[in-house]
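Each of the two complexes below includes subunit A, the first together with subunit B, the second together with subunit C.
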Partner chain A sequence: MLARLQNVTKRYRTTEGVRDLSLDFPEGEIVGVLGLNGSGKSTMLKLIAGLLFPTAGTLTVFGGSARGNRSRTVFLGETDTLWPWMTPRDACRLMTGLYPDFEPHRFDELLDVLDVPRRKTKAMSKGERGRLRLAMALARSAKLYLLDEPLAGIDLLSREKILMSLVREWHTDETILLSTHEVAEAEGLFERAIYLRDGRLALDVPAEQLRQQGGSVVQTFKEVLA
Partner chain B sequence: MTAETWVLDLNAGPIFEQIGKNVRMQLARGDLVPGGRLPSARDLAATLSVNPNTIVHAYGELEAQGIIEKRRGLGTFVKEDAPVETMRMDMLKEIAETFVNEVRQLGVENAEAMAALKEAWDAG
Partner chain C sequence: MKSLRTLLWLEHRRSWVWMASLLGSLAFWAWGIKQVRVMEVGERLGIRAGLLAMAAAVGVFVLCLMIGRIRAETRHGQYQVLLLTPPSGYTHVAARYLYAIGVALVYFITIGFLYWWIMALAGIHLDPTTLIELVLAVPFYAMCITVLPLLAWTLLLMVFISAYRVSGPGWVPGTVMLLGTPFVFRWLGEGIVRVSYSLPGWRLFANAPAALIERFGQPDPEAVLEIDRFLYLGVPLEPLLIMLALAAVMLVIAGRIWQEVEA
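Entry: the complex of A and B
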């Protein structure tokens, strides 16, 4: 088991991020983490990434603490933290210095696949920056990838490129947790869909099972979260 | 291989079944022939933006049905003795049954239905 949440609650000062979540994430799954804004998607991913600490409950990542295994998980957050003067080359140097599992060669390939221009990020579109950030994340060789809204707010072509490179880069022993609003575009990618509502688990289901029952991940999104 | 060759509707049942149906249809139409090579699971998954495991599942089913085979290190191929003609006839039968069922629900008589079928055929 790569990650296990047992009755995990994260309370912020005034609000609750997630409440009483119990979930297992074994090796080799692409999981859609779905929910409306404020449903707890980011909180859950940040907890597993070791960037937040549970208020209650038990969280184990790689059999230990999430914080202690931070270097073994890849987290791609929603906020664009790239410096304006940074080029993909600078990003490569930065990542190589920060993460021993970062593979510069793979990064270069990803820049090509994702069609990232070799210029400063201030001269890039939002989609291009999003693609660069994804290349930085995927060029790390890890077992657990936590991708928070990598498709949000970027153009359709970029979203398609990102989805295609996810399919290409994913190894069958790796697990990807991908939160998204763009459910329709990503739906084919998910083997498993997790629906969060108000910080609680609303549904955890294999995607093919939804389709077997005449539904879809999108349709269930509307039903469960309406 | 292009995405247009493959028809996928994420609201029309399990993806693995649709992939299987696509392969059978391509065989029936002659777009794929016995001995022909199928795209790798990874390539097809990327083309269609679906999970590679789903394609592996679909190929596994087709293999169990005796339609395709994996050749170690070479890829996935349509079996030389794949029952193409049987598949063609099965698909035709399935389409005919759908037609008959819908016509019956309309409450239309046999002769009238056949006339309509002939008319539509000649028009197409």
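Entry: the complex of A and C
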């Protein structure tokens, strides 16, 4: 099991990010983490990444603590986190120096596939920066990828490139947790869909089961979260 | 080592504008010093030395601002990126600190040379030993008792505030630490004065009086006594040792907190 949450609650100052969440994430799945704004998607991904600590419950990642195993997890946050002076070349140097599992050749290929310009991020569009951040994330050979809204605020063509890259780069022993509001566009990727509402688990279902029942991830989204 | 090198490189890329501005400001100070045209040599030397002391104080302030930019990084999400990297919090803190110390070292050694320059302008010619003491020993001593603990304190303060950002009111620990700072440093200063000269002092500038007498003539007997007392006692080593130990402790705490920060 790559990650296991047992009755995990994360409380902020006055609110709860997630509440009593119990989930298992085995190897080899692409999981859609779905929900409305404030439903706890980002909190859950940050907890697994080790950026937040649970207030209650047990969370194990690779059998240990999430923070202790942060080097084995890839987390792509929703905020635009690159330094404005940074070029793809600088990004490559940073990642190579800090992450032993970063593959510079794969990064170069991804830059081409994702059509990332070789200039400073301050001269890039939001979509180009998003694609660069995705290339940095996918050029690592990890087992667990946590992608928080990688499609948010990005134009249609860039979104397509990002989704294509996810399909292209995914290996069957890797697990991707993808949170997105672009449910319809990403629907084809998902093998499993997790629906969160007000920090609680509303539904955890294999996408294939929904399709066999004549439904879809999008339709269920509307039914469960409406 | 590879990750420390990379973090030092990142620190340089993040901070080179600060570094260049700080070091470039010395040209401005040198220009300002040249503009002091008081007729009396001693007074002119005093004003110029005062300006350089001001440059040193401004430098410490700018260095503290440079090393304490964690708040802005937290807002822009870059701190989050750094927290997730494999190097430990200690490595991150060490990289920031080492880079700032490197810049400080260049800055204060240059100020040492500027002191030598204003003395040369006043007609005081220092021998090589005194020159080395002025440009190496004095900056080293001054940095150890002021810059190093202040930078460590700033780093600890910013990491501490960031640690409370997500699940607690960040302004409370920050305000408490800031308000407490003058009291802590006063208490520390009083303690240091009490234990000073328990160890043999570090004797400096043994040859300097000769150069001063050559230029200004024999000083009055009271001044001679003071100078002789300073030459005999040297500068106290206790402040240096206490401040270095304190800086090390603060850095270890900052590194430990970094390991536990949420973002």
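Here, the second predicted complex is superposed on the first by the 226 of 226 C-alpha atoms of A that agree within 3 Å, B and C clash if a C-alpha of one lies under 4 Å from a C-alpha of the other, contacts with A are read in each partner's own complex, and residues count from 1 in each chain.
Everything below uses one rule, namely that contacts are C-beta pairs under 8 Å (C-beta built on N, C-alpha and C of every residue); 3 or more make two chains touch, one makes a residue touch a chain.
Note that the structure is predicted; figures quoted are calculated from it, not measured.
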Partners on subunit A (subunit B, subunit C) - clash or fit: fit
Contacts of A:E160 with subunit B and subunit C, given as first, second, both or neither: first
Which superposed partner A:Y145 touches (first subunit B, second subunit C, both, neither): neither
First, second, both or neither for A:G214, with subunit B first and subunit C second: first
Touching partner for A:W170 - first (subunit B), second (subunit C), both, neither: first
First (subunit B), second (subunit C), both or neither touched by A:F190: first
Partner chain(s) touched by A:W83 [first = subunit B, second = subunit C, both, neither]: second
Touched partner set for A:R93, first subunit B, second subunit C, both or neither: second
Angle at subunit A between subunit B and subunit C, C-alpha centres, nearest 10 degrees: 160
Minimum Cα separation, subunit C to subunit B, after superposition on A (Å): 28
Subunit B/subunit C common contact set on subunit A: none
List of subunit A residues in touch with subunit C within their complex: 11-13, 46, 49-53, 55, 67, 70-71, 73, 75, 77, 79-83, 85-86, 90, 93-94, 96-100
Residue ranges of subunit A touching subunit B (in the complex, touch as defined): 28, 30, 160, 163-164, 167-168, 170, 172, 184-191, 208, 211-212, 214-219
Interface residues, subunit B side, partner subunit A - complex: 8, 10-16, 42, 45-46, 48-54
Contact footprint of subunit A on subunit C as seen in their complex: 2-3, 5-7, 9-10, 13-14, 76-78, 80-81, 83-87, 166-169, 259-260, 262-263
